[in-house]
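These are the structures, in structure tokens.
You will see two complexes here that share chain A, one where it goes with chain B and one where it goes with chain C.
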Partner chain A sequence: MKRRTMETSLAGHSPKLIRSIERRLFLKQGLSLGALALLSGCELTDDEGVQRLLMGMSGLNDRAQGWLFNPNKLAPEYPESAITKPFPFNAFYSVDEVTLVDGKDYKLELEGLIREKKPWTLPELYELPQTSQITRHICVEGWSAIGKWSGVRFSDFLARIGADTSAKYIGFTCADDYYTSIDMATALHPQTLLTFRFADQVLPPKYGFPMKLRIPTKLGFKNPKHIMSMFVTNEYPGGYWEDQGYNWFSGS
Partner chain B sequence: MKPLQAIALAAILAAGTGAWAADAPAKPMKMDEPMHGEMKKQSMKKGDVKKAAKKKERELKPMIEKETAGSAKK
Partner chain C sequence: MEAAQAQWVKVHPLIVRVTHWINAFGILIMVASGWRIYNASPLFPFRIPNELTLGGWLAGALQWHFAAMWLLVINGIAYVTYGIVSGHFRRKFFPLTPATVFHDVLGALRGKLAHDDLSVYNAAQRAAYLAIIVCAVVLVFSGLAIWKPVQLQEITAIFGGYESARVVHFLTMALLVLIVVVHIAMVILVPRTFPTMITGRARRAS
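Our next item is the complex of A and B:
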């Protein structure tokens, strides 16, 4: 994918959003500068003590973000005219390596603190009440794009399967081996959707067929695609990028 | 499921598959190639995600099974 400059990425966006991204970049750069000052002479990526310290700080950051998260505050929604075309593809692999999931044999597996663990086929999932949203996907890499997703409200699905919503985490494993997890408050947020459609079409493989969890209150890497299984737990599950040092909560 | 719903669903699934087939052919992921995207560190390879996922499953599975068994007893 062609790399875009910050100016190009932010062209046409609201001044409020630009200020928010600038503030995030300033904080990120400020923290990086602080870390460098602290670590002068150290190899940042190899020093275990430093890694532990930074992960500890990230854990504090997670707790603060969890505490500040308002489960009733909605992410902005947009008109159809604001949709980004073409919507960017982004993954750790190229678009021609996208995992193809066979919809006919597909079953969503459920584990952990869930009362009804019966796997769900796509026809069963498609029969659930659906809703749509046009929201902004914000990537940690510094770009954003607006898209339309449709699916079942995740809180409704959790209620349907008898998930223990007093548990702390929900983890996801995906057909492309990616894995991540989210906090229960975000899972129950009214805009968190288990989506099956993008731009009024069945979710194309490059955007996560058969399903993508769309969370407009979190950064893009917290929105798993090609979901194959999910589990509810009180054990911290982490995630691929989170275990590499990216902030786990990652609210947007 | 009613017959009409079943036909509609089959059409949706077929349309989705067709759209993808026309979009780009899938090919196996080259696990030893460097990762795409800007989140990676320089040394990361695509296959690292699969290895990490297997390790994570080994770590989490017993804990979740124990937790689930514990909650079932309550």
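Our next item is the complex of A and C:
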């Protein structure tokens, strides 16, 4: 059908021109074929069976990393001189779109398998015993940067609120609509800190005001910023990037 | 019948052929997905064309990389264990001296390297295949150093820390790819080696 239309529309033109156009069309189709062949890598990844296999392997890698995780193994700490300046900003939006949380009205909400669900204001959180760490933040993209964070040891906070530490997961929802979740073993790791300060200053909005959970044993995207609420659960909560295919455990 | 059989010699044992092709498939996945991961945060002032990569985006590439990892490690353990226990490595790769490697590489460049008996590797082949094994070992350990810089921080420290482990991982990949490109070029130049890697047999040169 198409071909006949083309021939009719080309009627009256010289056979040489027609041949030249046909040749061009052939080349164009050949090029698309070539492009299609090159695309096969993406298409292979999109195939449902391949997707299932890859997700299955990612689940296996979650278990392998959970098994490899040593609750007493500490992430290396660095001297002040090793701190990366300026520390890179990274999120699923640009730095001028950073969410501004009002600290005065702020309350950290607690849900799920927690005994004391009373929300926490910032002054209450600042009064808890604080500790600092200078550790390497490693991004899933490959780059890394060293920073200093200060806050309360997360395991102490979990004990204080009566969290059921025999549960499997802790999930976080954030002011910027980000969400993520971690395993209980990592939550109880001595270097996992609920931090309120960065480089000895109140955590600036771009680094996650009012608080960021700093986990030096996990990749950067597993360290939620602007935390509004947290919940303890036995049901897999997923995460913003995790639901799109990033490995859930993502341990370092 | 016996005379016909006598013309064929066994060159590659079955386990070598099977592990070779699994390895070829696994390395292709590892390299193509690794290039996509590299593009997420390039170490050097260049990117790999996305058309040459696997995974579609970073998450997909990471899934491929950490899936093929298991295939390659299991396959590699099978191959190296066989190579050591059976004496395959000792028989096929040794003796090996710098002088013989130099001599045979020079011969290969002049197109004067003889391949009369495919069951015996010349010194250039021995050096190249051993280098591939060494590259694979360095890739596994530098990969572990990047993947687990806390849990396996002793390995990361061997490479001088996380950032230098990334550089080692990339450069070793580049060396491995270079050797594989030369390897494929040699197969194209001496095409009768190709079916041998599938059937395991070669016709004895008369």
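Here, the second predicted complex is superposed on the first by the 207 of 252 C-alpha atoms of A that agree within 3 Å, B and C clash if a C-alpha of one lies under 4 Å from a C-alpha of the other, contacts with A are read in each partner's own complex, and residues count from 1 in each chain.
By our rule, a contact is a pair of C-beta atoms (placed from the backbone, for glycine too) under 8 Å apart; a residue touches a chain by one contact, two chains touch by 3 or more.
Computed from a predicted structure; not experimentally measured.
A.B. asks: Name the contact category of A:138: first (chain B only), second (chain C only), both, or neither.
C.D. replies: The second partner, chain C, only.
A.B. asks: Does chain B (first) or chain C (second) touch A:221, or do both, or does neither?
C.D. replies: A:221 contacts chain B only, not chain C.
A.B. asks: A:128 contacts which: chain B (first), chain C (second), both, neither?
C.D. replies: neither
A.B. asks: Which one hits more chain A residues, chain B or chain C?
C.D. replies: Result: the larger residue contact count on chain A belongs to B.
A.B. asks: With both complexes overlaid on chain A, does A:57 touch chain B (first), chain C (second), both or neither?
C.D. replies: The second partner, chain C, only.
A.B. asks: When the two structures are overlaid on chain A, which partner does A:199 contact: first (chain B), second (chain C), both, or neither?
C.D. replies: Neither: A:199 stays clear of chain B and chain C.
A.B. asks: Does the superposition put A:68 against chain B (first), chain C (second), both, or neither?
C.D. replies: The second partner, chain C, only.
A.B. asks: Now for A:185: first (chain B), second (chain C), both, or neither, which partner does it touch?
C.D. replies: Neither partner.
A.B. asks: Name the contact category of A:82: first (chain B only), second (chain C only), both, or neither.
C.D. replies: A:82: touches no partner chain.
A.B. asks: Give one of first, second, both or neither to describe whether A:112 is in contact with chain B, with chain C, with both, or with none.
C.D. replies: first
A.B. asks: What residues on chain A does chain C touch that chain B touches too?
C.D. replies: Residues 45, 140-141, 241, 244, 246, which sit in both footprints.
A.B. asks: Sort out for me which residues of chain A touch chain B in the complex.
C.D. replies: On the chain A side, the touching residues are 1, 3, 45, 90-100, 103-104, 111-113, 122-123, 126-127, 140-141, 164, 171, 173, 176-179, 201-206, 209, 221, 231, 233-235, 237-238, 240-241, 243-244, 246.
A.B. asks: What does chain A use to touch chain C in their complex?
C.D. replies: 38-39, 41-42, 44-46, 53-55, 57-58, 60-61, 68-70, 73-76, 136, 138-144, 216-217, 241, 244-247, 251-252
A.B. asks: If you look only at chain B, which of its residues touch chain A in the complex?
C.D. replies: The touching residues are 1, 5-6, 9, 12-13, 15-17, 19-20, 23-30, 35-41, 44, 46, 49-50, 52-53, 56-57, 60, 63-64, 67-68, 71.
A.B. asks: With touch defined as at the start, can you tell me which chain C residues reach chain A in the complex?
C.D. replies: It comes out as residues 32, 37-38, 40-41, 43, 51, 53-56, 58-60, 62-64, 66-67, 70, 146, 148-151, 153, 162-163, 166.
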